[in-house]
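Chains here go by letter, A, B, C and D, matching the order in which they are written, and residues are numbered from 1 within each.
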Amino acid sequence: MRRAVAALHAELTRYGLVAWTAGNVSGRVRRPEASGDLVVIKPSGVSYDELTPESMVVCDLYGRVLDGGLAPSSDVAAHCHIYREMPQVGGVVHTHSPYASAWAARGEAIPCVLTAMADEFGGPIPVGPFALIGGDEIGRGVVATLRDSRSPAVLMRNHGVFSIGATPRDAVKAAVMCEDVARTVHIARQLGTPVPIAAEHIDQLYDRYQNVYGQR
Amino acid sequence: MRRAVAALHAELTRYGLVAWTAGNVSGRVRRPEASGDLVVIKPSGVSYDELTPESMVVCDLYGRVLDGGLAPSSDVAAHCHIYREMPQVGGVVHTHSPYASAWAARGEAIPCVLTAMADEFGGPIPVGPFALIGGDEIGRGVVATLRDSRSPAVLMRNHGVFSIGATPRDAVKAAVMCEDVARTVHIARQLGTPVPIAAEHIDQLYDRYQNVYGQR
Amino acid sequence: MRRAVAALHAELTRYGLVAWTAGNVSGRVRRPEASGDLVVIKPSGVSYDELTPESMVVCDLYGRVLDGGLAPSSDVAAHCHIYREMPQVGGVVHTHSPYASAWAARGEAIPCVLTAMADEFGGPIPVGPFALIGGDEIGRGVVATLRDSRSPAVLMRNHGVFSIGATPRDAVKAAVMCEDVARTVHIARQLGTPVPIAAEHIDQLYDRYQNVYGQR
Amino acid sequence: MRRAVAALHAELTRYGLVAWTAGNVSGRVRRPEASGDLVVIKPSGVSYDELTPESMVVCDLYGRVLDGGLAPSSDVAAHCHIYREMPQVGGVVHTHSPYASAWAARGEAIPCVLTAMADEFGGPIPVGPFALIGGDEIGRGVVATLRDSRSPAVLMRNHGVFSIGATPRDAVKAAVMCEDVARTVHIARQLGTPVPIAAEHIDQLYDRYQNVYGQR
């Protein structure tokens, strides 16, 4: 899990989702209920070039460091809140990717006007509340927003993106696709109004993509 | 053909036409009429870094897998429909490249206001219908639109680009140029109205580029 | 310091902040008061690929070359003025990064509508006066603007960005984040009005980021 | 000169000025008047990855191939016309770089609202006429436009950029800076009106940059 989480950070830089040391990926290590699950997460303020499996920080579900000499990401409380409240989530990603964060700065959901967006998000990408960093506030806003949505990504107002997935890789994919559709829909809107997609077509696209796409 | 098709996928990432595992290239292997042609295509949901000649999937013209342990691209039915209906086509490419997909989201053809666009497309890049993925619907829309056009690329509404060529390399070139002109015309339109190019000049540019450009 | 300053120029190209030979980084070498501090700075008009620790130019605080066979950056007078007037500054960066320079061309400060901007800049990124290159005029404009601001970056009108920090690395970080937020806020503004962040929240975010973020 | 011209094409791809095989660089080899100068230019339709010193084509000033098994760039007539009419020119570059070509599509000169633009171009970047490719028409339009301008670059209407310089490297620099300022001024204009720079300041910036910048 240390190797996987460390390596996935390279996708954030490859797709231009992060600048300098902003952004982070975490993964859940499932354990028997008595022990409690673990969270593997990026250390705070360390540059992407220097990330190694060893430098990843291991916490419990309350953000207490169990292993690693470095302080965890300053977003660790948000990640942990999500893991505690959403047992199906195995990976969480946070970025300030530019187009998605621009929608977030306006507090505006991204409308579902692309088949690729119906595939991955099953509808619009919703906006979560403004929240200060550090405590549970961000995590609560993420969970409250994503619970009522098929979308694995949320635009936190004036802030950026949180995405979730069954695995850290799925959460990274959602973060990459979120920026991709945020950009395309932005460009489309600059010169007019995108054509809506009928709700039933969104459902059909979503169902197919979640159940047929890829290797089985 | 496996080697060529696998390698051409690197052009999609190099030019930023694809995110994550979206997008695909295929090529036709011509065979005597009794045997029926073959199609070599990207496997579904496999990341671009992992594509090898061996991982390419070989199908017949109806998308039935003849060789390869992986499932073919979920767009295989569209590719096959094009190959069956347009015998001159030897390569097909599909992308969700951002600027071209933004025109597609508005359902708006790209007007021919650049000499490079006259060269490669011979006029506007047309819009095809909205179509659900999986069956023949997309392929029918692509063929119906491209049959009446000099353009080797079509913007499928709310979806993305399909491009064709005599070879897979030609189809990739058309996909690259489609995004390039989609972007430049978008930028031009953001601050005003591009100057039209006279129809006779478009014809002259197209004729010259198709017949004189490059090495003979 | 030669090694550090030479290496940091690679961050300017990595983040697309500079074209051709424009842009420069410098660092202060602190010495006993009697000797006077030194400034290590990029040579003028040398391409980024050719920069080495040895090619860096060493000046006194008045821009007089003490070591190095090359002429210093044509912005050396501005850097030196900043070091003379702001003793806490240990690094200075200058770029023409595109989004920030676009705000500078309009003479418009970047409003603080992103939490990442509150973190790093503690408020809007201010605009400094138009000034001709070569003498003290630019340096005076930078110092006059930054003295009254928590921001470590200033948009010099019709020109570009100057950023400062306790170290050259901190100044480079401010230049990178300046372009990042200049871009996101620009994109947000293209389709509407970003939601303001309350002044007290900006203060809380700034205080936390300056005092808690990263490794201690 | 073959080595220099072949290598400079890498700057066109590095700065995103070209897509696929579009764009070209040439250089003049000066010879005694009796022999006539030579032109070294990119071969037509060859991909940037495959360019070598040996694959460059050598022509006389009328585009007749003297050495090389490949056909020269289809823009060779324009390059040669410039070399014949402007004896001070030692290098010519042609691109369809996106932001500059967007200004060209609207037939609109780029106003000089950035100090970096005053430095390199000494004023606005002018627009040349619409012209068909192949004969002297483009070359005549380039020469007619640049003769009355301090700018080393011209936006050919509905087409793209031609830039000139004392050397091929200078012409490549002008092409890179042309796209850089085309982009920044475009972005500035998207959200308002850039502040003009006084004509006398443009003159002062231009004079200084042409005479003091860089290594002497």
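Methods note: a residue touches a chain if its C-beta (ideal position, glycine included) is under 8 Å from a C-beta of that chain, and two chains touch if they have at least 3 such contacts.
Quick caveat, the model's predicted, so the values are computed rather than measured.
Peer 1: Report same or different for the chain A and chain C interface, where same means the shared residue numbers exceed half of all residue numbers found there.
Peer 2: different
Peer 1: If chain C and chain D share one sequence, what is the angle of the rotation that overlays their CA atoms, in steps of 5 degrees?
Peer 2: About 90 degrees, rounded to the nearest 5.
Peer 1: What chain lies farthest away from chain A once each centre is taken as the mean of the Cα atoms?
Peer 2: When every chain centre is compared against chain A, the largest gap points to D.
Peer 1: Just curious, how far off is chain D from chain B if you go by their C-alpha centres, in Å?
Peer 2: 31
Peer 1: Please tell me the distance, in whole Å, between the geometric centres of chain A and chain D computed from their C-alpha atoms.
Peer 2: For chain A versus chain D, the centre distance works out to 44 Å.
Peer 1: Which parts of chain D, given as residue numbers and ranges, touch two or more other chains?
Peer 2: In chain D, residues 190 touch at least two other chains, as defined above.
Peer 1: By the document's touch rule, what are all the touching chain pairs in this structure?
Peer 2: Going through each pair of chains, those in contact are A-B, A-C, B-D, C-D.
Peer 1: Can you tell me which positions in chain D touch chain C when the two form their complex?
Peer 2: 15, 113-116, 173, 176-177, 180, 183-185, 187-188, 190-195, 197, 201, 204-205, 208, 212-216
Peer 1: Please output the residues of chain C touching chain D within their complex, sorted ascending.
Peer 2: Touching chain D: residues 19-22, 43-46, 70-71, 74, 96, 98-99, 101-103, 105-108, 130, 132-134, 157-160, 186, 189-190 of chain C.
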